[in-house]
Every structure is written in structure tokens, then in C-alpha cells.
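Order of writing sets the chain letters: A, B and C. Residues in each chain are counted from 1.
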Amino acid sequence: MPSIRQGARRAGAVATLACLALLGAACSSGTKVSTATTGVTINVTLAIPAPPKASLAAFTKATGITVNWTNIDWDSLQTKIAAASTAKTYFADATDVDWSRVGQLGKLGWFYPMENYLDTKSLTADMPQLSSFTTGGHVVGIPYDASFLVTTVNKQQFGKAGIAAMPTTIDQYTQDLKQIKAKGVVQYPLDIPFAAAEGLSTYWYQTTAAFGGSILDPQGKPQFTSPSSAGYRAAQWMITALQQGLVPPGNINVTDSQGQQSLMAHGQVASVFGDYSGNVGSLYDVPSSSTVANQVTYLATPGISGPGPNLSNPDGVGIPRTAKYPAAAAKFIQWFTSAANQADFAGLNGPAKALSSYNMPSRLTAVSELNSKGNLIGGSQLATILKSSARPVFPGGAPPWYPQFSNAVYTNLHSAATGSQSVASAMKAIAATANQLANGG
Amino acid sequence: MSSSRLAATPVAAADTAPPAGGPLPRRRRRVDLLPYLLVAPLAIFIIGLALVPAGFTVIESFFRVDDVDPPTRFIGLGNFHRLLTDPTVQTAAVNTLVYVLIGVALSTVLGIVMAVTLQHKFLGRSVLIAILILPWALPGVVEGIVWSGIWDANTGLLNSVLSSLHLIDHYHVFLGQHRLLTIALIELVQVWQITPLSALLVLASLQNIPGDLYEAARLDGCSAWAAFRRVTLPLARPGIAVAMVQAVIATLNVFDQPFVLNGAARTASSVMVQTYFISFQNLDFGEGYALSLLITLVTLVLSYGVVKAVYRPVEF
Amino acid sequence: MTTRTHRRIRARWFGVAFILLWSLVPIYWTINTSLQTEAQAGSKPAHYVPPTPTMKNYTSLLGGSGGIPSQIRQSALNIVIECCAATIVTVVLSTLAAYAFARMSFRGRNVLFYAVLATMAFPAYTTLIPLYRIMSDFGLVNTYTGIVLVYVSGFLPLATWIMHNYMTGLPLAIEEAGLVDGASRMQILRYVMLPLALPGIISTAIITFLFSWTQFLFPLVLSTDLSTEPLTVVVQALQGQHIVPTTLLSAAGVIAIVVPAVIGLTLNRYIVNGLLAGSVK
């Protein structure tokens, strides 16, 4: 049967060719793989801005590889990766590998195994989050940014409400937020991104971890169906916070999720429970985009009986199978994720070398170097949290069906938040999806 | 997406006679090559870049086409079965029905109001027509920016106006809270885009109505409203039918507006949004193809029904 | 009698006011936001006119040499090239085909004509992936040619339909006179039909251009970097990036609508005629 369809496609292709001839258009070359690593131009497409021109120029000078950088928003980028890989066509030499897609990508084989190009074994020690990018013994991508989830609090607003000691447990944290609301410091003290998007899923994973549990067991079985489970209680806590007026009601809306961090930056909320590490330095302390400079600090995530774990949320870069210059792309990735560059991007050597929206080096050596020079804002806290309690969302790696699972998570939590279903039925629906996916349905 | 706009008008074709016969005499008995040469480029484009891809879609909707679950294999109606039993698709289908009802009703009524306003000549009429078609000419991407500035919960125009008028005591969240309200507000954005075409189509019908019919109605003692009901509406039926068909096509395929203003939330997700997620997030292309095939069939059936119900040939 | 006329005039002014508010308020609001600072745009109640109009958002989008200005400039150039090329090819091919459909009889005419029109009923998503595969088979992904080919295939049916309706409405007498004089049919097309059909051709061209300008999903997938990305894709990417202020976003939106808005306001006569020729028959 596939041959018939291929035949049909050929027929279509012939027709297209004829029309091209009519237009006098020349066909350019298709995808040709080259092992060249000098004198070539590679396309790098990531959801972050390009590094400073000078540093890319230095890379070109050292290697003879010119980098053509494309910054595109994350969701559009995933569409592009899917379309190009499905059609088996070239679109970039190096592109985004999200931790949550690792399982899916591993099964699809859309990316070259990185261990063929880099000595990934020796990287493991310096890059703890590499394990999140390993599936079936293959490294799909190299983490370039080791951001993880962490709680941020506006100390000044907590102080205004008469809270001096920062909370270490969830109960205390909830109590403090209620006090901030009651004292009228801010109307809605807690920021939870309730829009039906990946951010809501991530927040629930983090809250579940804080309640001392996990989402799926290593076999992919849901762990949140019983009302006493951590996942169930986490969801209940989030929904209750919304119902009690601790969370801005506008957070339900997708257009506001883009501004979830800007609420914090404008002093409209006092705390983000599952914030991104690096936001204090890259956003809240930047006067041009924030009115709360020097008021916000990181907090080890409050847990059941003391600080809980923090989930890692790293970003990786890999080489798609359709790349034209995989070897050159590997050189670029090696350079891009080197300790020296990461320290530069994070601002160790001044803003001219920094990469805006870069959160956290994935190499421990870069983190400790930054920390020792005092150039990482909140660095000592972050370094401690990173070493002691940051852990992957799925210890067994993200399952291949993760995107569908996450869609079920955020759409069901969202509809529970709008009151169109109960927490119990949301948990049931998410679990049903997980079971169905795990059984290959 | 664009297709809904591209397809804005053609269904009227189904209702018209085949292209006019060739009135020019052929001078030779041999096979006349010229017409084939003239249509060849068009035919190649349509076959190669429209019919062949559409053919894949029809064929592959009966296959399991999923890179996560290879190989590609024939599964008969399996994709359709999974779609019809999927609760998210069912919710999206209900939402889409509401989009269609609101969108077709509103764009038709507003289109008639605008067309009647423009029916007779007056100073500045052509300027007004230019302004009328403006929303139709704008890219959908920008529409999202434009309308989120109006519905926004913190800085939106609607909140500001309502609270300045003391109709609300605090800023409200309009989108995402209440299902019907969310769908209605999102559909209003699409109505903004498609109503200009409806108005023009109805206006074209109105221009054909002879003025003496209104004169006769007036002599019979008809009020303006009665004249509108007895003369304008019945005689504008062809234009209204075409306007409703273009609205049916556009609203059944609604994607841009819910995707930008509602995202993935089930509250107001449309069938086209589900198609996007099934194809590009779940990478289940077979199921995505099947769903778009279903939408196409529903579009054709519903358009045909509207033409049957509303269209009446008008003779003057 | 006079009260009735008065009432009718009052009803008309109500209608006029409604059309003006309906069409212009949302666009005005975007322009209004784009001329404010971020702090002003966030105030409650909102400023209905910019308190201190600033062009800062526009200069930071268009001027300078930073990343965003160069993206906007390059993508504006891309969209103009792609829209113009798609328009020219569409108009030429649809005029040739419409002449054959309108004035000649040949085998398979009706089948082909209806097949062309039927392709308009298919949702765009259905053909996206197969089209993408065909394009990549020929190495046309991320080329102007590839994007233009896809646009043309999408807009040809409507263009052909408009041109066909326009040509069947033209009188036969002049052509017949030309044939009697011994002119070939191509000469008749060139010297008789084209001048007569010029308004229809202009309508088709403008409508095709505007449709090309609104495209988003196809160029998103078919262009992979700034060498071919049109303005709409770049503006959408700005929207997707975190923490782009609404004021800047509004300015980007205004930049993306200037060309279609000017065309709509100045050439609306042709648009109206074309759309009507393409629908009511």
C-alpha cells in the first residue's frame, strides 16, 4: 500500500515539476548531508535571542563555521520541528530539544544521538541534567540552560503584612498569603498560571513534588487518583487558592499567561510558587521591566514539613536528522554549551557578553564560577537548591506520549479552575488519559 | 485559517449554471489545442498542488499515520471511530456548533443592517464602503493583537468603558470564565472579520430591487418596517443565502480567533483547533486528516442546506 | 410623510454611526495603545487618547540596527516580494484559463472547472503536510518560489472564478467582429478582451494581493528563517515571546496592517466589484 501512495505522490511531483518548468523556476538542491566543518553556514533555530554578535564572530573565526540564528517562539518552533521531521526535510542544523519531548523524540528518532559527536560520558558529572535528555541509552540533546522551578517571594510585601520569617511549609506559606491579602498589601498575592498551556502542567508537577509525591511511577502509572495522594492534594490546593481569591482571576485567560511573570515584576502579586530560576536576575531586578527591583528573592520551595524538592526544567539543543551539516552543528553545540560561554551568557563578564533571557548555566563549574564572583543574582541560594534538591519531573524520563498527557493535564485543570468540573473528575480524566496512552491506545 | 476566507465565496458556484458555452465558432474540425494550452498551467497547479495533496488526505484518513506508532497501516474507519468517541472532540464539536450559530446569525443580521444603510446613495457613501471593508482586509495575526487589547482583563478597553460608565464595580475577566460568554466574545472577533463580505453580498442584491416597488409599497400605506419586511427581505434572499453560506464555511473552520484568544482550553476550543493539536502535537496525522475530512463533509452538507432553505430565485 | 422621511434618515445615520464605530474602534484602540508608554497603557481607567503621544515604539521597531528592527525590515521586504510575485502569476494564469473557460468549448471543460472550484472547500490544514512534502521533494522549502507556488495554488480557483464571471459578462459582438477580420484568438485576447476586462483583472490582482498578505500558517511552516519569512510570521513570533509589552506589540500590529489598510481604503471599488463578481452570479 505505501508504494501506491508513493506512486501517487510521484505523479503529483511530476505535475509540480512541469509547472515549475513552466515558470522557469530552477530547482535548488534537496537535503544533502555534509560532514564539512569549515567554511559552512549552519542554521540554528531556538526559542531564545541570538548571543551577542561578537561571540558568534569569535566562534566563526575559530572554526570557520558561520551561524545563522533564528529566534522563534516555542510553540511555533515545535510545529516547525514536527512538520519538517514528518516530511523528512531540512529546516535547521541545530534546534530546540525540550526535556518534555525527549521520550517522544527518542522513539521518533528525529534527532542524531549526541554521543556520536560529543564525549557525553565525561559531560555527565558537570551537567547533572544530561540525564533528562537521555532516552534508550541515547543522548537526544545537550542542555544549555539548567533552569529549574523555584519559589520567588516579594520580601517587601511579606514584610508589610508583618511576616518576617519566610515560610518553609505549604501550610505556613498559604497562611502568609492569606495574611497578605487580609492586610490589603495586594489583592491577589499568589501567581498561578491557570491558562490552558504547558505552564499550568509544570506548576502542578512542582506543587505535587512539594506535597511529597510524583505524577507517574516509573511504569507510567498515574499516582494522583486517591484524594490523599500528593497530586490530588496539589490540584486541590491550587484550585482552592483560586476560589479563595488568592490568585488573580485573570490568570485563567491565555493572553495573561504571557504576562504571568510580569504580574510579579509589577508588584501585583507577592509570590510565584513555581517560578523559573534566573527570573530575579533577568527580570525582577531589571528596572526597565520591573517595579520591584531588589524586593524579590528566591525561596526553597515550601513542602509538607520543610523545604521540598525543586523540579528541573532545562532546555536542550540537538541536531535533527534532516540537518545538512551535522558535524558542524555538533561543533557549534559543543561551543555553545561550554563552561566559558555559559558563564559569559549568564553575565559573568559583563552585560556585553550576556545572553538576554538566559537563566542558568547547565554546567556546575560555570555556576560555581559565577557564584564565587558574586555575579549570579541569588546565586548562592540557587547553587544550593540546584545541588541539593533539583530533580527531574519524571525520574524515568518523559514518556513518548508526554505531549498528549500534558494536554490532558492542563485542559482538565483549567476546566476545574473555571468550575466546569470538580477536582475529582479532573484527576480521574487525567488518569484515564495516562492509562490509555501507556497501554498504547 | 486562510482557507475559510479563500472559500468565502465559491459555494455559490454550486448553484449557478455551468460556464457559458463556447459561442465562438470553431474554424477547423481538428482537435482545437488552444483551450488546452490556455488551461494547462491552471490544471497543473490545481492537480499538483491541490487535488493530489487533498487525495493524500482522503486516503490517509483511513490509515494509521503516526510517527510515534509506526508503521503506517490501513485501519479502515479506525480514525473516525476514535474521533467520534473522543470527549475533547465532542466538546469541540459542540463549541463549533455554537460558533456557527452565533456567527451566522450575527453576521447575517449585521450584514443586512449595513447593506440597508448603504442601499440608497448619499454623500460619503463610497467612503463608508471603504471603511466597511477594512476589517476584512486585515491579517488574522493582527486581529489577535487588536482584540486582546479590547477584552483584556487588566488594561482592556471594554473593562475601562464599562467601569467608567459605572456598569461594573471592578475589572472583569471576560474570556475563559464562562463558556458561552467566551465563545460569544471570540466569535464576535470573527464576525468583525466576515461581516463586511456579508454586507457587500446583501448590498449587491438590494441594488437590483427596482425603486418603484418601494413607491408602490408606500402608496399601499406600508410603514418603512413593513416595506423592509415585504419588499427588501424577500428580494434580497439570493444575496442573504450566499452571505450565510460564506459565514457557515468561515465559522465551521474557525481557527485563528480561538487559537489566539483561548489557546488549548477546552472552554472554547473549536474542531479546527483540535485538528491542529491532533496533527502537530500528538503527531497523529491519520486522525488529523480524518477530522478535516469530516469538517469538509459537514461544510458541504450545511452549505447545501442553507442554499436550499434560504435561496429563492428572484424575477423582477 | 415628513416624519417618516425623518425617521428613515435618522435610521440611516444610526446605521452610518454603527458602521464607523464597528470598523474603526478596534483599529483606533490598537493605534492608541501603540502611541503610549507601557505605564500609560496600564492605567485604570485607560487613556482614550494618548496623553503624551510617543513614537518610541515605532522607532524601536523600525530604526536602529538591533535584532527586532532588522527582522521587521527584512520580513517586510519578503512579504512584498511574495505577495507581488503570487499576484502576478495568479493573475496571468487565471486570465488565460478564464478566457478558455468563458469563450471556448472543449472536452473536459466542465469537469476541470468544477474541480478547480471544489478545491476551495477543503480546509487549509488538510493539505499542509502533503504540500510540505511535495515542496521538500523539490527543495523548495524556504524559497520564495516555494511560498509563491503554494499561494498561487491556493488563490487560483477564486481568481479564475472572478475572471470567468467577468469575461462571460462582456459583449460578444466586438470579438466576433475581430474574428471576421481574421484576427487570431490570441490577438483577440490581447487586443480586445484584456482592455475590456482590465477592471476585472485589477480586482483579481488586489484581492489576491490582500489574501497573500494575510497568510500565516503556510509561511510559518514553509519558511525556515528570515530569508523568506513574511512580516505576519515575525509579528506573531513577537507576540509569542515573553514580556513583549502590549504597546510594542500594538505598534508591530499597526506596521503589519498599514499596506492592506491603505489598499482597502483607496482601491475599495475594485475589491467590491471583484468580490461580487466572485460570488453572486
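A few remarks follow.
Please note the rule applied: a contact is a pair of C-beta atoms (placed from the backbone, for glycine too) under 8 Å apart; a residue touches a chain by one contact, two chains touch by 3 or more.
Model, not experiment: these values are computed from the prediction.
Chain centres here are C-alpha means, and the one lying farthest from subunit B is A. The leading chain pair by number of C-beta pairs in contact is B-C. Chain centres here are Cα means. That of subunit A falls 37 Å from that of subunit C.
Chain geometry summary: the mean Cα position of subunit B and that of subunit C are 16 Å apart. For subunit B, residues touching at least two other chains, in rising order: 41, 45, 48-49, 52-53, 56, 152, 154, 285. Residues of subunit C in contact with at least two other chains: 42, 129-130, 134, 149, 236, 239. Residue numbers of subunit A whose C-beta contacts span two or more other chains: 9, 12-13, 16, 19, 79, 83, 86. Partner subunit A is touched in their complex by these residues of subunit C: 42, 67, 89, 128-130, 132-143, 145, 149, 220-221, 224-226, 233, 236-237, 239-243.
Every residue of subunit A that touches subunit C in the complex is listed here, in rising order: 9, 12-13, 16-17, 19-20, 23, 25, 27-31, 43, 45, 49-50, 68, 70-76, 79-80, 83-84, 86-92, 258-259, 261-262, 265-266, 283, 289, 357.
On the side of subunit A, the complex with subunit B involves touching residues 1-2, 5, 8-9, 11-13, 15-16, 18-19, 22, 78-79, 82-83, 85-86, 104, 107-108, 110, 195-197, 249-250, 252-257, 400-401, 403-404, 407, 410-411, 414-415, 418, 420, 440.
The part of subunit B that touches subunit A in the complex is made up of residues 41, 44-45, 47-49, 52-53, 55-56, 59-60, 63, 67-69, 71-74, 88, 148, 151-154, 173, 175-179, 261-267, 277, 280-283, 285. Within the complex, the subunit B residues that touch subunit C are 1-13, 16, 18-25, 32, 34-36, 38-39, 41-43, 45-46, 48-54, 56-57, 110, 113-114, 116-118, 120, 122, 124, 126, 128-142, 144-147, 149-150, 152, 154-157, 160, 163-164, 171, 192, 195-197, 200-201, 204-205, 223-224, 238-239, 242, 246, 249, 253, 255-256, 272, 275-276, 279, 285, 288-289, 292-293, 295-296, 299-300.
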